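So, here's a batch of structures to check.
After this come two complexes, each holding subunit A, first together with subunit B and then together with subunit C.
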Partner chain A sequence: MDLTNIQTAELLIDIFAAAILVTAFLIVSSRSLVFYIRLFALQSFFLGVVALLVVLGYGETHILIAAVLTIAIKAIAIPVVLTRVIERIHVQKEIRFSISITASLLLCGGIVILADSVAQSILRSPHADATAVSRVLSVSIAMMLIGLFIMMTRRKALTQIVGLLTMENGVFLSGLSITYGMPLIVEIGIFFDILVAVLILGVFVFRINKTFESISIDSLRSLRH
Partner chain B sequence: MSTIIFGLLLGLPVVGTILCAVFHHRKVLEAVTLTSTGLTFLSALWLVSTVMQVTVLSSEEGWWYADGLSAYIIVIVSGSALIVALYSTGYLRRQIRDGNVTTRQLWLYYLLLNVFLFTMMLVLLSNNLGFLWIGSEATTLATAFLVAFYERERSIEAAWKYVIICSVGIALALFGIILTYYSALDVVPSSGSALNWSSLMLVAKDLDPAVLKLAFVFVLVGFGTKAGLAPMHTWKPDAYGEAPAPISALMAAGLVNVALYSLMRFYILVNTAAGGSFASTLFIVFGLVSMGVALPFILIQKDFKRLLAYSSVEHVGIIVFALGIGTPLAYFGALLHLLNNAIAKTLLFLTAGNVRLAYKSKFMLKVTGAIKVMPVSATFLIVGVFAITGWPPFGVFISEFTIMSAAFSEGYAVPAVLFIGIVAAIFVGFIYYTARMVFGEPSRSVKAGEADASTLWLLGVLLAGLLLLGIYIPSPLQQCIQSAVHVLKG
Partner chain C sequence: MNAMLTVILPPLLQLLLVLAFAPLITGIIRKTKARLQRRRGASVVQPYFDLAKLLKKEVVVSPVASWLFHATPYIVFSSTLVIALLVPTLVTPVPLHWIGDIITVIYLFALGRFFLALAGLDTGSAFGGLGSSREMSIASIIEPAMMLAIFTAAVTAGSTNLSIIVDRLSSTPASMLNPAHLLAFAGLFIVTLAETGRVPVDNPATHLELTMIHEAMILEYSGRYLAFIEWASQMKLLLFLALMSNMFFPLGMATTWSPGALVLGCVAFVLKVTGLAIVVAVVESTNAKLRLFRVPELLMVAFILSLLALILYFIIGA
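Right after this comes the complex of A and B.
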């Protein structure tokens, strides 16, 4: 298969973008924290592959480093850190929901439709042909919204982190799809910020665990008004 | 020369950070931080006097940029950083003596204070909107452990909420920045500079208004979260309430203005590109909602620092409301209010720090008879409260009055009446709680005496500043604000 062939690249990008969306849905329907993190790693890996395909198919070489960083940081380093956190704190690995899985999946289906209509309205602008992969924009907006949904309905500290990272993946994909990614130095800065954020949140999970004996954010209720 | 000024403003906090990372001795940490914040403030004054002559200062490669607006805010931010550094020495020495703070915590405090200053300078000096974003997220990360400083359950909870909420907000802002970049890719000649504020402004009229409006909504939610606009303000009372008083002061006087600065940049861009009342209507609505949301929480508050946090929500609302009105007079009022609010918030948070040291509590029910325990700090407290709630002869009165007249003369009669009503009701709540803290009999366990006499002069300087701004505006300041107003007009 010739990856530099535009049609092949387009087809593969579509397939991997769909796979990214599937991982987001699997996260929403998952009950186990370990699974959450593995699915997030898989999602980031697919995201890195999409970025690599943009490099190969469209010759946008400046994304190469961002693609490699996505796989190295989001698909490997962050999942490793989060898995360590889970192992160290012996957390109860079951996730409680405030909305049932069926209802969650239905709502996320609605989110995808909404995201697609937002994406279409953005792409209606005069320079819609700015990139060849702008079709993926709907997937990226859906990812942001699903990430937000995970944060609002899954009440564990670690699921909040995964929700936030899913949002970030969506934002990265949106940049890839409509602008072929931000300038490299900006992307590197963003990766650095995300990595530091995860490390800091990881430290807080330890401390919350130490003081509350559980890492459900439902126990974070002393600050009101 | 531009290289030297940018180098100093960005480099001094970095040098301060490195020195703090290496040396752990208390006196060295204090000296380094005082020097780095002091020299940064002097460089900011140099920047502002240069910008007054050349209008725009930008580095050769186009990464860094400063004009009247950024220079004005840089002076406010670095000035409050210096005052906070001066206050921190006495505050932390006392806390170490009381055994509340370990030497490791002290080291972390000064280290992160320098990092915090650097990240704010990064936002304020970036020409590239991507860098502005990176700096904004970095301000959250730099302050995370400062909010969690006392390592109590409540402070870790507050820091967790703070990082999560602000990171979500800022992720949405990044999408807004990507949309802005998208709208500019075809228009700006080289894609490398399509994220640069200076090149975006040159072609603003050719940018796609529909995409830019959508971008602005995301940016408003994102940086609005950082600024603490309602309904994205929920992290603010927790973070301000739990952070050490001087850190709360720097967040309320520095970080808030950094976030407002980012909002203003996009506001100017959208107004130039799309025209009309789209962005200004959003600002007026968010401004009034923020003021209105703060009101009930101020009336039922038990914790003085949380009370100040809601007051910060209110005043961010006032500034955004004034920006929304959009006339030169309203811009002038907004920028003057930025300064007044920064001074008054610093004064009140630092006074709250003194009260906390003496009473070992920030809960207002436990604090009574402060005027007998600590007459000087208590006087600053009650006078400061009159100042922040908009009484003459203090600066806040002048800026609020300017904003109201601008609102009325633009025909915003209903919003302006709402504005007056909310400000008046908030005053009642504030005075009720403060009077209970200041007057009455102190409980016997509290030892009389000023908590930290060495920093009282700082509070005096701040109060004198508020008084001066209430009586007349010195002409250098006037010129400085005028040049910032000129930038806001687009």
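Right after this comes the complex of A and C.
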């Protein structure tokens, strides 16, 4: 299989973009914190593969470092940190929802349709410069919205982190699809930002758990009184 | 005379293949499961002996049962036979392609299920009613998922006719790998597990559990009637596997009734279906049966996968 062939690269990018979207849906459908983190690792790995395919297929070598960093930081380092946090705080590993799984899956299906209509109107605007991978723009917008949805409806501090990271994956993918990736210095900045954010949030979750003996965000409401 | 032969022979051949091969597939799945549990397991031809034994035994019918109870086994069996002529197995032109398309197949399956559910209620036993109500509530979620998965393949090919779907796909092999197609395949796989009563949804190996669905409906059946129903459900499994393998990956299918192409088609069909059957057995062995109230979540995943497939077809295009 010749990866530098444009058609092969296009087909593989389509497949992996679909796989990224499927992992987002599997995160929404899952009940266990451990699955959340494993699925997120898988999602980041697919994202890194898409970036690598853009490097190989379209000769955009400047994303190579960002692609490798995606796999190293988001698919390996962050999941390891989060898994360690879970191990240390011995929380109940089942997630509570404010919307049932079936309803949230249906809503997320609606989100994808919405995201596609938004993406189409962006691509149709006269200022838009369509790249070869702009087809995945709808997938990336859907990812951002699904990440937001996870943050809104899943009631554990750790699921909020996974939701945030899913949104960030969506942002990276949209950068990739509109402009073949942002400048390297920006990407590197974002990576360190995310890594540090996860470390701090991990410590936060640990502290929250110590204070409230739970990481359910419902108990945080009591801080207001 | 020769013209008669070419009209009658192909459907007959396909019918015989499905009838004869279906119990073997069930045997292969049971054997694989047994080996995965480190048991020796019954021989792969055991389902044939079971059917032969049941066909010889007398039928015991409850005195309160109506004509519906007697008619259902034949309705289920014959509707499955018609489906066997509508689903592509060896050769691309399906024998009965002038009767109907994929939607006919879906509704013929629904017809069999409808009568089974009625027969479950007919004898008035508590178990039967329980099984019927469960079967129908699960069916109400499976059917849209199945339709969407199949429509994705139909939209890609531009037709709901199974022969045309298979033809178009064989002529453009690259579209077999398009993401919409792969997702629809995954959706149809979960649908198959649910439709044929496999482990995450139902347990085909038990007769005495409160969680059973399909077995609860047919608990009152015995002898010849039970043999027909069992045989029909084995054929249903084979036909679903055939749909999955040929509608999505029609590699090696014969396009004419020449002996050479037929042999190749036969080998490809047996290999693909056996491979899928082993995958089903592995899924069954590595998963626990879901609680009944969790089943809709799994089926919703199948529905969403199929829906995503259809959406992705329009987003990314083929």
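Couple of notes before you dig in:
Following the convention adopted for this analysis, the second predicted complex is superposed on the first by the 217 of 225 C-alpha atoms of A that agree within 3 Å, B and C clash if a C-alpha of one lies under 4 Å from a C-alpha of the other, contacts with A are read in each partner's own complex, and residues count from 1 in each chain.
By definition in this document, a residue touches a chain if its C-beta (ideal position, glycine included) is under 8 Å from a C-beta of that chain, and two chains touch if they have at least 3 such contacts.
Given the structure is predicted, the values throughout are model-derived calculations rather than measurements.
In the superposition on chain A, A:Leu195 makes contact with neither subunit B nor subunit C. When the two complexes are overlaid on their common chain A, residue A:Ile208 makes contact with subunit B while staying clear of subunit C.
Applying the stated contact rule after C-alpha superposition, one finds that A:Ile178 touches subunit B and leaves subunit C untouched. When the two complexes are overlaid on their common chain A, residue A:Ala157 makes contact with subunit B while staying clear of subunit C. Number of subunit A residues touched is higher for B, counting subunit B against subunit C.
By the touch criterion defined above, A:Val68 lies against neither subunit B nor subunit C after alignment on the C-alpha atoms of chain A.
When the shared chain is aligned, no partner comes close enough to touch A:Ile76: not subunit B, not subunit C. Touch criterion met: A:Leu105 reaches subunit C, while subunit B stays clear of it. Common to the subunit B and subunit C contact sets on subunit A is no residue at all. Contact residues of subunit C toward subunit A in the complex are 174, 177-180, 182-183, 296-297, 300-301, 303-305, 307-308, 311-312, 314-317. By the touch rule above, subunit A contacts subunit B in their complex via residues 121-122, 124-127, 130, 144, 148, 151, 157, 160, 164, 167-168, 171, 174-175, 178-179, 182-183, 185-186, 189-190, 192-193, 196-197, 200-201, 204, 207-208, 211-212, 217, 220, 222-223, 225.
Residues 11, 14-15, 17-19, 21-22, 25-26, 29, 101-102, 105-106, 108-109, 112-113, 116, 135-136, 138-139 of subunit A are the ones that touch subunit C when the two sit in their complex. Across the complex, subunit A is touched by residues 128, 130-131, 133-134, 137-138, 140-141, 144-145, 148, 151, 153-154, 156-161, 163-164, 167-168, 171-172, 174-175, 178-179, 181-183, 185-186, 191-192, 195, 208, 210-211, 214, 237-238, 241-242, 297, 300-302, 306 of subunit B.
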